[in-house]
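Heads up, the next two complexes both have subunit A, just with different partners, subunit B and then subunit C.
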Partner chain A sequence: MDVQHPFSDETTELPDPTEMPDIKVGAMAASKPYVAPCTIQEALNYPGELVENWQEKAVAKLGDLVGRYRSLKVFLDSCVKCGACTDKCHYFLGTGDPKNMPVARQDLLRKVYRRNFTLAGKYAPWLVGAVDLTEEVLDDWYTYFHQCSQCRRCSVFCPYGIDTAEISMAAREIMDHIGKGQKYSNEIIGKVFKIGNNLGLPPKALKATLEGLEEEIEEETGAPVKLPLDEQGADILLVTPSADFFASPHMEGLIGYAKVFHAAGAKWTLSSHASEAANFAMFIGSYETMREISLRIRKAAMDLGVKRIIFGECGHAWRVAYSFMNTLAGPFDFLDPKYPVPQHILEFTEEQIANGTVKLDKSKNDHMTLTFHDSCNVARASRMGPKPGGQFDIPRAVIKASVNNYHDMADETIKEKTFCCGGGGGLLTDELLDLRKKGAMPRMRALKEVEVNHGVTHMAAICAICKAQFSKVLPEYGFDREAIVSVHQLVSNAIILDKPNEAEAD
Partner chain B sequence: MLTMIYAALFYAATAILLAGVGYRIWQYASTPAPLKIPTTPAPITTTGVAFRMAREVLVFESLFKSNKWIWAFGIVFHGALAVVLLRHFRYFQQPVWSVIGLVQPFGVYAGFAMVAGLAGLWARRIVVPRIRYISGPSDHLMLALLVAIGVSGLTLKFVARTDIVAVKAFFLGLMRLSIQPLPADPFLLIHLGLVAALMIVFPYSKLLHAPGVFFSPTRNQADNPRERRHLSKWAAKLEANRAEGA
Partner chain C sequence: MGYHFNGQDIAHDEEGYLTDLSQWNADLALLIAKDENVAMTDEHWEVVNFLREYYDEYQIAPAIRVLTKALAKKMGPEKSSNKYLYELFPYGPAKQACKIAGLPKPTGCV
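Right after this comes the complex of A and B.
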């Protein structure tokens, strides 16, 4: 067009991250993850393949779960189909598939619940949309309960607080019990039990990796920053996602934690027994497995004789740690009662910055303009610090202490309304790449807006899954794959470390 | 004969409503909530939770965040319904409380507002494609039932009036276990029949959202998992087989 837009030199109008798509029935019906093979299923004590009387078994398991989880019972009963959640899921916004509307996703389970456990569903199924569990329904379960990243965005907007994450966890647990598990999550859980972490990185390799990092840091900064493993008598046990040991930008974050501990003079250690913060058992809704993985951390803390436990940057891991670990593996009365159990690395770093033990030179990050992606599980299922909302303020405080240039994305896409990266909840697997890319759309649009209007060059995150997902999908939306950074990477760049020779010169 | 049928209907409807909702509340209260799952940021104290719940129940806080249209129609309907219910208290008390007396003139406007709110909600079910997609027969039927109750009630007030003194005598009689004759006006019989139907379906339908919201763990839990260990009964049983020295 020739005519200049009157506001063109102020801001550019870009696609709205929350824009409603047209409904496309069945658009994502073909998107499903690989089914777990026999060996993976049986390692977790689930049937190796679909059992013969699976309908009966599934309904029985549903009844069991409804009796054990108030959330599930209340959520299945209370929905009035008001529509408040219908435009809130990033997978719906990105795909237009109506079964990705939270209420429609819940209804896949609800209609079977109604048929088997409610009066109306038993005698007037047509009236309340109750159906029997058929092969077709099971197929829909497998497809669409693996298009939910359990990010809880819908639960913020529901007038009854119905959380689709609870429903999809229950559905996945039912499917595991009848022999239709998801390969990606179940294989990873198996590795945690067998080797100690999601990646299957054995202690020796871990040791070598950490030593390599120590050399690298010393070469670069001259400071003898250590990354201790299994060090008896350390004060702090750091539990971090295993992606921090090899992936990028995760590893840059790990280097940041190490530098902060070094500057603070803290005695800390990693554990080879609990070399994984992630707890994928949450994704498959298994309380028992989630508990067993959490108990590994308790055991490591006891064996090493530490006083406190700190978690590295990981979204759902922080949810399990903050919200569930005391329940699953507590009480932690053997630790120092001065500190909350567990703590987040950002709580620690923020305190060090506030009391001056960690000093930062912001200009070291002047080549970047930052924004922050609130990770869903941190934002809507946990807290940092003493006040509600600390999970939003503390990461931003640490970033702003480390950089000069910062700009938040649009309000309806951050904090409690943040959009999932598109890869959470056990969906970070290659066969779901199409879904992951589409699910990232709202976040990518929000990022585009601050890039164009505010010159943002990089987005910081505090979740291993977010970081891996964005590394993969950023290029699909025309961004640099290295535009995603760890928050502690920014700290790492800016931190001022005393070099031993300088200290002597003083 | 008609009087006896309606008397029996209301006794039965009241019993089903009370027993049914009571049973649901007992079910919700006795089902464990094994994990702390408040949607955060959440209050960290019980008092804070009470305020959050009050905002949720009285002003539909979450719905307001979600969608201003649904919120507006929803709050008009529920608010008006509350006033209309208060207005109807006079049929069940002698003497009538002064508060109920004060509500009377507003109750008439509320009757119209209630029907208008329902019409708005219903229109969205038909007009907005994504809400049309999630609406089933029971969702339309429930709206039809509520609209019919409202319209038949307004008809009794403005078009085909009935002997409300006799109606009051009938309900006071029901409460005192002495059956009094009910006027045989068609709109009155329709109005009362539909109300009884609503009372009967309440415990078996999505109207359970009313008691349900109070038991929703994402709304009624305090955010204090690090400070206080939360352990449900069935989860505590797993502790028994925890083999460790400490």
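Right after this comes the complex of A and C.
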């Protein structure tokens, strides 16, 4: 239910989130993430440092990729420079650097593609903007393909549907193959293979964390809510980002999932082998690594003998799971065919609310007025539930079932037009904080508008990256750090749990 | 890259996290904290010592909730909030406190 807030009669004019910035050439030329050192690169079977014949190797890899991915070739061939994408990128809006216009970003790769793989580019490069891959071009690649969060907002507005995300994934894949990888993403992928998750959380620590949470929930609610780990024969395997075992407000969401499963009487488990939903291999465009990470989930599901797989609140994990998991790690014919593979935790929770197994007391969230930040990979790269638009409607339905006060942000900033949080796509690293702050600007302006005009106090999200990014940048824009919440945190606050002694008394 | 300490160069990464965790000691922690503009008080040491004890046992820093709960037990409920931790370590309790405690940086979506 949308509540009429006393603020909503008169609205105050505030800065437009989609306002075209002044152009500042080269404004972000110095923004680069740390380059992965040798040890991190070699653990992923990439060269430890820039190889000697890197130009040749890079062009060969580009040829390999356009041969493998028809989509990439179409995207590189079909741009007509119509300009529809220019002001659609949050990093362009926040920085004014023209190389952050999606078309300009694409052209960094396109000009090298043209030079090497098109007739006109080979014989008359000056006519078609084709150039050789020089050190300067490579430097631009590293700089500006790490200023794309692969959020795909530009592709919504492109009349040809050109997806800059795929182009930036390809560029990063090429750079990895010549020895110029990004430290943040590649270190994390290495940890998944070595320890089992992005965080580097060993099974013993995971077990202790979950036991601690069980105690805490029981102390607080009186209900014996469990967070089972590696429970053989459970029906449901929950795969969730490891940030849910560590950070706030992520962990408050995890508590919410556990309470929902408890109320639904579901037999569920987490897995120490698949203790990570995230799959950063997508960010670096590596199909092979993305597959290896996905196979961990398959193995865990088979070993534990579960009937269904449910994903926790993680944006890009849901994209990988929903859009690619079946081809990467399928077939999943060993699971119960009654349920979709995979399922999102929100689908599960919505169903429990609809059929009455989960009961909610909305007044428990009356100290807040909520809005919802659609996470890019859920909004634009996947769906949820059986109906089109489910990825927009299901989260809102669950929030509105949990709170009395809710108001959406401006239409041009939500659903398929949502703005990235500013930290997606492998950019959630401290050395890119300036970029992250600037890239968050459109979302922060949209939030400000509903704060001022509709009394919104909190923003809910369903992505671990969004939650961490907003915790960091909200204070920079004058908001409270804890104004970002997990959707299942709202469920957790509102859920009515039977206490065992009360049940007996009945 | 290194901290100049007792006539030695103690290596750290681009962000100041120790490369070799065994080189940590309390005096070095003071130097790292100074670099971070954190003036170490008993309250800061409570956090740093807890992080190190936890790391010893589990090879990872504790979750924020685990940390706040432990502080509440030791120092009272008013010390059990995220806000309190950010007052002590303005850059973020997980990352800044880990750096000072000589632990690796928590990675991932945190």
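Points to keep in mind about this one:
Throughout what follows, the second predicted complex is superposed on the first by the 497 of 506 C-alpha atoms of A that agree within 3 Å, B and C clash if a C-alpha of one lies under 4 Å from a C-alpha of the other, contacts with A are read in each partner's own complex, and residues count from 1 in each chain.
Assume contacts are C-beta pairs under 8 Å (C-beta built on N, C-alpha and C of every residue); 3 or more make two chains touch, one makes a residue touch a chain.
The structure presented is a predicted model; accordingly, all values stated were derived computationally and were not measured.
When both complexes are superposed on subunit A, subunit B and subunit C end up sitting side by side without clashing. Residue by residue along subunit A, subunit B and subunit C are tallied for touches, and B comes out ahead. In the superposition on chain A, no contact is made by A:C376 with either subunit B or subunit C.
When the two structures are aligned on the shared chain, A:V156 is found in touch with subunit B, with no touch to subunit C. In the superposition on chain A, A:E166 makes contact with subunit B only, while subunit C stays out of contact range. By the document's definition of touching, of the two partners only subunit C reaches A:K472; subunit B does not. Residue contacts after overlaying the shared chain place A:G212 against subunit C, while subunit B stays out of touching range. By the touch criterion defined above, A:R481 lies against subunit C but remains apart from subunit B after alignment on the C-alpha atoms of chain A. For the pair subunit B and subunit C, the model built by superposing on chain A gives 24 Å as the shortest CA-CA distance. Across the complex, subunit A is touched by residues 24, 27-28, 31-37, 39-44, 56, 60, 62-63, 65-67, 70, 74, 121, 124, 128-131, 133-139, 141, 204-206, 208-209, 212-213, 215-219, 223, 225-231, 234-235, 238, 242, 244, 246 of subunit B. Subunit A makes touch with subunit B in their complex at residues 20, 23, 66-71, 73-75, 77-88, 98, 101, 103-104, 107, 118-120, 126-129, 152, 155-163, 166, 287-288, 291, 295, 299, 302, 322-324, 326-327, 330-331, 334, 340-342, 379-383, 387-389, 391-392, 416-417. Subunit A meets subunit C in the complex at residues 34, 183-184, 187-188, 191, 197-202, 204-205, 208-209, 212-213, 216, 241-243, 245-248, 250-251, 278, 314, 428, 430-431, 464-465, 467-468, 472, 481-482. Listing the residues of subunit C that touch subunit A in their complex gives 14-15, 58-60, 62-66, 69, 82-83, 86, 92, 94-95, 104, 106-110.
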